[in-house]
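Multiple structures are listed underneath, in structure tokens.
You will see two complexes here that share chain A, one where it goes with chain B and one where it goes with chain C.
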Partner chain A sequence: MINSRSTVAALVFLPLLFFTAFFLVPLTVVATASFTNGDGVPTLANYARILLDTYHWSVIATTFRLGIVTTLICILIGYPLAWYLVRIVKFRSWRRLCVILLILPLFTSNIVRSFGWMVLLGRNGLVNETLQMAGLTERPLRLLGTETGILIGLVYILLPFVVLTIGNALAKIDHSLEQASADLGASPAATFWRVTFPLTAPGIAAGAIIVFALAVSAYVTPALLSGGRVTVLAVLVFQQYSSVFDFHYGGALAVTLLVFTMAIIGISSLVSRLGAR
Partner chain B sequence: MILRNLICIVALFGMTFLVLPLAVLVGASLTTSEFLAFPPQGLTLKWYAVIFSNPTYVASFLTSTWLAASATLIAILLAVPAALAVSRYDFPGKGAFSAFLLSPLVLPHLVLGAALLQFGGSIGLTRNFWALLVGHVVIVTPFVLRTVLPLLSREQQAMEEASRDLGADGVTTFFLVTLPQIRSGLVAGAIFAFITSFINVELSIFNTTAELNTIPVQLFNYVQYSVDPSIAAVSSATIVAAAVAIILIDLTVGLDFLTTNDD
Partner chain C sequence: MKSTALILSASAIALSAMAPAHAQGDSITVAWYGGNWGDAFQACIGTPFTEATGIKVVPDIGTSTTTLAKLQQQAGAPTLDVAFLDGGISELAEEAGVLAPIDLKAIPNAANLADAAVYEGDNGVYAVSGGFYSLGLTYNTQEISKPPASWEDLWNDDYAFAVTIPSPSNSSGIPFIFFLNQMLGGTSDDFSPAFEKLKSLDAALYFDSSGAASNAFQSGEIIIGAHFNVGAWGLADAGLPIGFVVPKEGVWATDARLHLVKGGPNPEAAAKFLDTALSAEAASCLAANLYLGPAVKNVEVPEEVAGKLPWGESGSVDDLLLFDWNEVNAKRAELTDMWNRELAR
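Entry: the complex of A and B
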């Protein structure tokens, strides 16, 4: 094509301009601010304040502990649920209803979903009442304002992603592979671990990466379910930008969150790629 | 067989877990009591009357709708040309270009919100509708790009070339040949974009004010200080709206992506 260069330029010009102005430049501003002090002098003091301090490390540890445990629980519940929806459900209309109910939370704000758990997990909420009626506990458990409460909220919000990615992988498996394995004398367990599971591994990895990235950067759920008692990195970032207005220290916190998240996503996609070989 | 039963139990537990918080809010919104109660005490729709006669809620609802619709429209105008460039032409930095436009998908929205607040402060773009809009466009554009890109295939390129050979100009070809083929991806991407914008808190929270607020941010502010049945009614109204949207998608685009080929 003769005019392909000008066509490309015309097509990419506006998207590139918009994303540079409102995405790249703002992020650069944050990164720059994180490496300077109030007078614009370059410094590493903002990072030193975070990385040389045990309080910040405990916040980082809480954030990543919540991220990792959320991811594991989502896979442990999500895999059987996806299996049930793809392999066990016989009736189309029931599966359809289940898929609608699975997607419904994704179409609802984090606020609404976390608010539902605030109602359920309170001292006199349904969860405590049920536990007491069943005789599992004498006094109401404190769930709101604990890591357990945040964990329940995060698993709830992120479970649909895992079910969808694993379910998609399961639905795409060619049944003849599993039949061949059975015909060649493999037990159902061996067929699962040697054929089915490896074929769904990319789905698990994709779901795990989404869940982890969203769990460590979540703000709304920890803010509502922690009642101010448990602090995660995103809450610290928000405090600096909304009430303390220290953009230098806040910027360093934001960059820290970004770098840790990207590093873990990078490592896990590398591992899953190596594992796939 | 034991294993199969175990899977069914976990699955039903999972489904209950997914439905419970939403069901509780819809239930609690119907209570006649002045405080939040589940199971509801008596049945009434009075809390819906309360919210629909509250000008603050109505204003936030309109802001959210208007914001989501504008962001989706601009996202389409940015993503479709970008998708055409990536799928139809070879140019230096193509991979980096599409990665750049898709990267808001994995970037924490809170970080982007903070960045836009700080950057907007230097050019006077804070705490107004435009400040909200540019951020929302950045986070929703990748959804449209991601659903449109796979539909711009090689076979379709041949159709476009045929259209041009038969004398149609570029614009006519786009509207008569290209657009009808990417329509389904465009619809799906636009729905995801609209919803993502409509339910966003982490990005909007930096640029909203008492006068200019979106529904989720307003709920967030209320929920932290007072909890009464009217908040459950707002929540349950958004749940019902989401359910209607999903059923519409199911009827038009179809949601049977968990169905295997052989049944």
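Entry: the complex of A and C
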């Protein structure tokens, strides 16, 4: 008994050390800076500066609007994709290829993929050229430097996470449950909404949390695709740390982003739990 | 706060203990930038220095900002001997007290330095210039047949939504606002002329990194804008239809500077390294590789290189508008905030 306990302790120790050194310590440094001023005196002024200013609220709104819409679109596209991969594809090798195609982009850097979208979404890019050739638009659409452009980039980058989590949930469903539902006279649609969909809800929730957290904290994609014309919180944080060197105000912005993100995730899981009752 | 500092210094010590130990005297550690800049520094300064002295140069690659952070963390026990820092960051490093004074008398080649290339603080000289670069008017020669002559051309309707200028996150962003403001008759207390004018600019991109600007010029997304002479001529050399001009209102410029690190392990070798960096050969090599404008006089550059230097075809270092970075840094937070509220939304 003691032996196994010490084994567990030893196994837990390394991850714990890693977590402390690379997550807790930096987070503490940032949080400490956010509650002090340049002389090290404790203050709430950095937070007052953010929360008592409508400009910051508009940046917070933009950030979370992008995060929520990205999450919804990812689920809307990701669910059918996952369904196709798990339920429709019959050949194992084809399914394997699809999964590889899905996760392959994750092996390249975010920066490279965002630069790729800059080329595609540009004035003379593939998207605008196709639209114009098809006669759908006369002049190039403004996609770069708008929230739409950022949204396209974020959805592209984050989609694999939802497909994988939902696909996993779908694959685990016991087919006999759906067969029972059909035997008892439920239509395929009713079986889906009353049996299959609720059983995949944990997968949807897991995917949604991953996508939402990554979308609201994304820096590279918004920075490149916004062309500096749309501001999200992560961009403000970067500015303060990289060029203004105000770690107090920058730290407060980072903590604000963290708290808002956790609050939204908490509220949504509470709502879904109440809804499930 | 104290415990934070303790943790930081403890990790700095741990890191420095892990750094490869080089016996004193047979190598020096020099912090410089990555990419083609680092390659050029190695070829023009590092290799000749090692050939002449037998002392190895260990590069420590990072941007100016990360190097400054390293210098601050290592203040107790520095591993760096020499640091390359851009103008602006250089002043912050001096303020942070991580630089050693440079004795110009101990560096024979320093006698050739231009007046604008020596930076003095309260404790003497803290930086010498390794070469100048400017932010000029860069344009697509296929789209624009007649070279633009004025910064006003950025507001030309023909180029609407195909224009770029630096954002405050780029090192040239805040100085560019200073430059525009001065051009439009504003003062350092009133930046409204610059912001009023910028609000009417139909820009497609406010670039954070000069790589993003180069990329946008390359894809044709941008046909005119403010870009560094180093990046613009780099694109032209790669065969792209890109031109660079110094408009009639002039250009803002800054430089890559060399600094001695306070308490660095090999001060004598570091001073020798500075001497090599300030040699006419190194300056002409950097001019040929990066189009950096030499900070030392009596440098011969081939004609095709001379036209691509930061001051343009017929200028000299005296034509560059070099602002006082301390003044720029003092306004940085305020102007960044103004930019965010007025332009980046």
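What we mean here is this: the second predicted complex is superposed on the first by the 245 of 277 C-alpha atoms of A that agree within 3 Å, B and C clash if a C-alpha of one lies under 4 Å from a C-alpha of the other, contacts with A are read in each partner's own complex, and residues count from 1 in each chain.
One rule holds for everything that comes next: a residue touches a chain if its C-beta (ideal position, glycine included) is under 8 Å from a C-beta of that chain, and two chains touch if they have at least 3 such contacts.
Bear in mind the structure is a predicted one, so any value in this text is a computation, not a measurement.
Considered on the superposed chain A, chain B and chain C are sterically incompatible, since they clash.
When the two complexes are overlaid on their common chain A, residue A:Gly207 makes contact with neither chain B nor chain C. When both complexes are overlaid on chain A, the residue A:Gly40 reaches chain C alone and has no touch with chain B. After overlaying the two complexes on the shared chain, residue contacts for A:Gly250 are found with chain B alone; chain C is out of touch.
Look at A:Arg229: by the touch rule set out above, it reaches chain C but stays clear of chain B. When both complexes are overlaid on chain A, the residue A:Phe22 reaches chain B alone and has no touch with chain C. In the superposition on chain A, contact is made by A:Ser58 with chain C only, not with chain B.
Of the two partner chains placed by superposition, only chain B is touched by A:Ser217; chain C is not. Contacts of A:Arg95 after superposition on the shared chain: chain B is touched, whereas chain C is not.
Looking at the superposition, the partner that touches the larger set of chain A residues, chain B or chain C, turns out to be B. In the superposition on chain A, contact is made by A:Gly145 with chain C only, not with chain B. Residues common to the contacts of chain A with chain B and with chain C across the two structures: 25, 29, 115, 118-119, 125, 223-224, 238, 242.
In the complex of the two chains, the chain B residues touching chain A come out as 4, 6-8, 10-11, 13-15, 17-22, 24-25, 28, 36, 38, 77-79, 81-82, 84-85, 89, 91, 97, 100-101, 103-104, 106-120, 122, 134-135, 137-138, 141, 195, 198-202, 205-206, 215-216, 219-220, 223-224, 227, 231-232, 235, 238-239, 242-243, 245-247, 250, 255-260, 262. The residues of chain A lying in touch with chain B in their complex are 4-5, 7-8, 10-12, 14-16, 18-19, 21-27, 29-30, 33, 77-78, 80-86, 88, 92, 95-96, 98-105, 107-120, 125-126, 156, 159-160, 163, 167-168, 170-171, 173, 175, 213, 216-217, 219-220, 223-224, 234, 237-238, 241-242, 247, 250-251, 254, 257-258, 261-262, 265. Chain contact summary for the complex, chain A toward chain C: residues 25, 28-29, 32, 36, 40, 55, 58, 115, 118-119, 122-125, 142, 144-145, 223-224, 227-231, 235-236, 238-239, 242-246.
Only residues 1, 4, 7-8, 65, 92, 161-162, 167-171, 173-174, 203-208, 212, 215-216, 219-221, 332-333, 336, 340-341, 343-345 of chain C touch chain A when the two sit together in their complex.
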